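A, B, C, D and E label the chains in the order they appear, each numbered from 1.
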Amino acid sequence: MSMTLANQQRIKIFSLLSPAYLWLTVAIFLPLSAMFYFSFLSDVPFGQKEWFYSTENYQAFFQTTTYAKLLWKSIKLGLMVTGCAVLVGFPCAYVLAKSIQGRSREALFLLVILPFWSNSLVRIFSWAIVLRGNGVLEIALNTILPFEVDVNLMFSTPAIVIGLVHSYLPYVILTSYLALQAIDDNLIDAARSMGANKLTILWRIILPLSLPGLLAGAVLIFVPVVGSFMEPRILGGRVGTYFGTVIEDQFVAVFNWPLGAALSFILLAVVLIILAVASPILRRAQT
Amino acid sequence: MAEVSVKNVTKKFGNFTALDDVSMEFPDGGFFALLGPSGSGKTTLLRTIAGFLFADSGSIHIGNKSVDLIPVEKREIGMMFQNYALFPNMTIADNVGFGLRVRKVSSDEERRRIGEALELVQLSTLGDRKPHQLSGGQRQRVALARAIVTNPRVLLLDEPLSALDKSLRVDMQVELKRIQHEIGITTIFVTHDQEEALTLSDKIGILREGRMIQSGPPRSVYNNPVDRFTAEFLGDANIVAENDGNGRLNVSGNPSIKIPKGAETASALAVRPESLSISATEPKQEGLSKVHGRLVQRMFAGAMSTCIVQCGSHTYKMVARDQDVPNLSEGENIWLSWKSAQTIVIP
Amino acid sequence: MSGVLLTRLGKLWLLSILFFLYAPILVMAFMSFNASQYYQLPFEFSLKWYEKLALNTEILDAATRSIAIAIVTTVVATVLGTAASVALFRFEFRGKRFLQVMLFPPIAIPWLITGTAMLIFFFGIGLGRGTPSVIIGHVALAIPYVIVVVSARLATFDATLEEAARSLGANAWTVTRRVTFPWIVPGIIAGALFAFAVSFDQFVISYFLSEPGDSTLPVLIYTSIRKGFTPEINAISTIIISVSMVVMLIAARFSNFGGER
Amino acid sequence: DEIRVLNWQGYGTDLDWSVASFAESSGHTVIHEYFNSEQEMLTKLRTNPGAYDVVLINAAFTPQAQSEGLIGPIDVSMVGNLADIPANMSENVDLNAGGSLHGVPWTWGLTSFAVNTNEFKELPTSIEVFWNSDYAGKVSIRDDALEAVQFAAIATGQDINDIKDLDAVKAKLTALMPQIKTYWGSENDWNQFMAAGDLEVATFWSGSASRSMAAGLPVQFIVPQEGAIGWLDGLSIPTSSTKKDAAHAFINWMIDPEFYVKWAADGAPASANSKAAAALPDDAFNKRVLGDAEVVARVQFQRPVSTENREAYLALWQELKAAQ
Amino acid sequence: MAEVSVKNVTKKFGNFTALDDVSMEFPDGGFFALLGPSGSGKTTLLRTIAGFLFADSGSIHIGNKSVDLIPVEKREIGMMFQNYALFPNMTIADNVGFGLRVRKVSSDEERRRIGEALELVQLSTLGDRKPHQLSGGQRQRVALARAIVTNPRVLLLDEPLSALDKSLRVDMQVELKRIQHEIGITTIFVTHDQEEALTLSDKIGILREGRMIQSGPPRSVYNNPVDRFTAEFLGDANIVAENDGNGRLNVSGNPSIKIPKGAETASALAVRPESLSISATEPKQEGLSKVHGRLVQRMFAGAMSTCIVQCGSHTYKMVARDQDVPNLSEGENIWLSWKSAQTIVIP
């Protein structure tokens, strides 16, 4: 009976969605489709090079264990970085949303994102200065501590994790903040009146209610970290070879685009599968 | 299970004083009603007792011990919020069971007690729904069930039955009374329903603009209001005489209104609508105060009817069962009378 | 009282995290005042990088261009992204899950690949390189971030507020502007800040799509790696961060977007 | 005219003073665009026809560019300074791919290694220093499959352009891996790592080394007794260039001794122009080290690498890296 | 300003039927009350009229036109929500002024009308506050002011006064009546307060489990309930006789309960508590039905007192003003009687 009302709604949805998705189509989906097409070619079809269709690029992934090993390493890195960022960032967001009031909250809200505005390369090189032996961290610790310590975190997995957590922390802080700040304080009061301690309230009330925000943040971290290459390369040194760096090599150094594209689509597929498997579990956790 | 006392509590929001030197005793195991106009500080008082708000001065004692340093979750209270505060992410059963799970009750026992509580509020079939799938009154009942299921020492209820229809409300009142009686929970509840306050409670407290104006057993507050506000707020009151400002009562030149002994300097005299009798002719008995007037309106309101009578510049309201009101029509000249003992002296 | 203690601890935690977030920024600023070209310690104060920077029109031009592109990107991406997230979150329709999943490729596929793909595609359709292409690319990369962040906020919106507004006669636009929008402002602002960051720090797309001679700051920085980038880069970064910080703090002073309930 | 030059960043053509004086003398302005690897350079040429007028190509890649039709023959008559370039350079087979000159020899240099002189009382003379356990965790090589393999080929005494025993190379590199602290990717990395003391021995390019020394870093470039990798860079003109005259003029200016001497002062690779080399002061790095005939005899110049070999090297290198 | 009619509306949530073939007419300019137990579909019906919910079948007409295709914002309604739905980001004044601004009212006029509306709900001084700084009753009044300030054609109020104390509620009732009268807004309100429904409305509708059981003028519904549920729900009812299942009324062997003519096959007979008289001795008048019993409890409830009387297996409830009840003590044997005309026949 609400034919036209439904139609009106359809028009509304369409007009809200189409600009963004059209834009994405032109600038991302179509180019990526071209890339997807390339991933089935033997060589890029430019100049006078010869090429033919093949799935050899995808086969390459399975021919050696190198790629699978690196992909697994990247996923582990993604989980580790996401985990650290959530553990570090969520409490932060909570304090920001619930303990800080008034103007200073707005200011802190902005300050959290601001580091993001610096160039990532400059930021990572700065981390290098901090983390290396005889670097800022070691000097600072030695001036504070009464005994000599020797900190050289540079070129190690911890260095990569620190650099990546730093780069992506604002995502989880802000998305969690957005969700936390919307929780009605009365709910927390109600739980307290029933004798719930802080931990129970966190676990049973705050976490489930802020889960949409927390998850958005986690996804925004996990997904790019799995494909990251710059931070591992610069901060990881010898151990900094990941799936992302291999893809980068294909594009920047070796210029085997078809293989690079194939590897990225494998990466995308794996990431989507992980998200698809995780989402029902998480949705159940929310209730 | 524990007596509650509120001692000289003052609470400000910014420079607005929501509670102003409020004191009241709530003896162990009693049933207490807080009344007051909208915005008078009832919720604020409950929240202070619960421990969500910290008094600017004064203190709260529960079971003879100051709880000023004890956080909410250790006070062993059950609280029902005016806006319910149901957990939107949990089912009804989980909402009700929250307090039990916190107390690490065995899961059998938990299930049993959730079942009982839902039964009590007549929602047994809705345990699996989420709060947003319930009607207003259903939500209110879930909140009530949630507050009582843990058998707290003190039960604080903020308008627990306001969204319920009369028959359900009566059922709930009976249950609340039963629980309070059986387990002896000290219960403090805020209500706008005077009948509820008067019939259920052992003691009522009347708040106005953050001050506790009067407290005591319902009948005594009803019959001996300390001021005109209370007289008019709790029940209804026809003011029949007012102090003329020179310390003498002014009965508007109506000598047939008898001023009780010792009340000559009271601030006002009042009579309750239900104390009035209406008659077409002047009643002749001894000891009656009476006024002459015109029946302006007769209104049907179910069990009771209301008559509005205009007597000079005063408008009187009288209530009675329809069958107890003589057959008079609007516009007729009539007499209102009352036993002088029923005149309320407002000091 | 334990509550107060916990609150204190919480604030302390927040402060340490802020310190963590700013540690490399501080080092970056610190090094811009250090004389050594190779970021060597010990520290030796010098303003020479700022002096050099003042003469380096290439860096200054690139910085200005980057800021301009980032602002345009932020505005466009925020508007489009917010509109899309409202549609995705407030309505039920077929294909919704698909559209939501489609937000992941731009985030998941390394920018390098996306950038290359754009380059090829834009050449294919005759758009070629240049600032318009750069902006198209930046906006596209920023949109998913805006949508994800704004949606996180929208998830907490109480739909009866919209109903109340409609019952008062507000049309869809007014409802959005006066009721929905104020509630999601914090999300929109966060989304916009991310969009700005995505664009302002976007090296790959700009690298592929900008025309020779008008590269952006990140491109300049990235390409100067080979020769060695000098503390001049730190100097310009320090200036940009300080200025943004001042602007933001002023904005925070005069506006209220942290959300209120 | 405005010409566009494609080159590594900071590699001679984009010096401010030179661009300025070229503009003054010829009336042509110069705009630069940079690449970060030869492959990227090739791709840029392929995907941006018409965008560039002069491009720097390593001689090992010139045949490929020529065969793909990306670059065209040089009009020798328009490059007067070509006369001063010795025949061994100007007649290089790779630069003369397709039978005519496609790249004007510009600079050449070595890929060998440099050490931190603060740590070395006595400079090493053998490449084996990389495998010396005293320097474990202080060693670096560039993250580049070809360079790594050719480096190991020299260490195992093989011809870098015709590696017979790839297993030996692999074994040598496997033994090298634990010694390595990090891979370096750019001159900037290298300098910073050295300056910070992270590294003591690292492969390096001769031109870069001279720059680092000029900037005051305590390093010394070593050409070990086992030999070193040599490379030759030429300047080419894309087929699609529309400003060929200006391009030729620019190339001519680039191989002019006047330009070179000034460039060499703040660190340059060796010039292909013998007059230019001769004009250097005696203590200049390029004259002192690369001018030594005994050193030049040890150099193996890079030739083009076949696709199969390139892929084999890459697989080897990736496998080694992934195993870390 | 417009008549509303609901025609055979059915609405389901999943497989739960919230409204089941509901029809009701709300003539132009009237004042209508919807009553029903908690969860009976009152809010659902209001929301369907407003246009927030689409009926699964049936249709809604406003002003003689079907509005099924007209979106909420074009229906010119004013709606007050059970949970208020105040805009948290706006001040009280902005909340109230929202509908005006939408209508592009001049800012002078806007200010004036906001002022008036706030005055009406007695919140003039709180215009600058945000909703979260108000008490429950204050919020409710803001919601009310916001709904009426635009002078809509139809006003839909979901328990508009439930959080208000009696005197304020009476004030608001008077104001609502006045506005409805002056501007002639068709007003439909949900209430749990029977007195409110009976005194204010021109017509009431009683919902139960999604069905509209009875509708009509208050007095007629009160006096002639169509079934036992309505009899007991609206007001109170003592069931004095029930059908024995064989089509005959069973007066529990009490021959002094008179069965009205033609009611022999009715399903039950009832009498309202306020129809009863109580006496120590058997009343001798003609035409009375009567029962003998024991006074179990006498409860003070302000204007009215309640007596609980046990008569065999039946429990009777009687209400009257305290002064109209003879001086009897709990436990005494007494008679309850009523005029046979007051026996309610439930068909």
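What we mean here is this: contacts are C-beta pairs under 8 Å (C-beta built on N, C-alpha and C of every residue); 3 or more make two chains touch, one makes a residue touch a chain.
Predicted, not measured: the structure shown is a model, and the values here were computed from it.
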| item | value |
| --- | --- |
| Steps needed, at fewest, to go from subunit D to subunit E via touching chains | 2 |
| Any chain in contact with subunit B as well as subunit C | A, E |
| Chain pair bearing the highest count of C-beta contacts | A-C |
| Inter-chain centre distance, subunit A versus subunit B - centres from mean C-alpha coordinates, in Å | 57 |
| Chain centre separation (subunit B, subunit D; CA means) in Å | 93 |
| Chain centre separation in whole Å, for subunit D relative to subunit A (CA means) | 37 |
| Distance between the centres, which are taken as Cα means, of subunit C and subunit A, whole angstrom | 15 |
| Set of subunit A residues in contact with two or more other chains | 125, 129, 134-135, 184, 252 |
| Residue list for subunit B, restricted to those that touch at least two other chains | 71, 83 |
| For subunit D, residues that touch 2 or more chains besides their own | 36, 47, 185, 189, 192, 196 |
| Subunit B-touching residues of subunit A, taken from the complex the two chains share | 184, 186-187, 189-197, 200, 204-205, 208-209, 286-287 |
| Residues of subunit A defined as touching subunit C within the complex | 9-10, 12-13, 16-17, 19-21, 23-24, 26-32, 34-35, 88-89, 91-92, 94-96, 99-100, 103, 105-127, 129-130, 134-136, 139, 166, 169-171, 173-175, 177-179, 181-185, 198, 212-213, 216-217, 219-220, 223-224, 226-229, 244, 247-248, 251-252, 257, 260-261, 264-265, 267-268, 271-272, 275 |
| Residues of subunit D touching subunit A in the complex | 36-37, 39-40, 42-43, 46-47, 67-70, 143-145, 177, 180-183, 185, 189, 192, 196-198, 310, 314-315, 318-319, 321-322, 324 |
| Parts of subunit A lying in touch with subunit D, wherever the complex brings them together | 44, 46-49, 64, 66, 69-70, 125, 128-129, 132-135, 154-155, 233-234, 236-241, 246, 249, 252-255 |
| Residues of subunit C touching subunit D in the complex | 36-40, 119-120, 123, 129, 212-213, 223-229 |
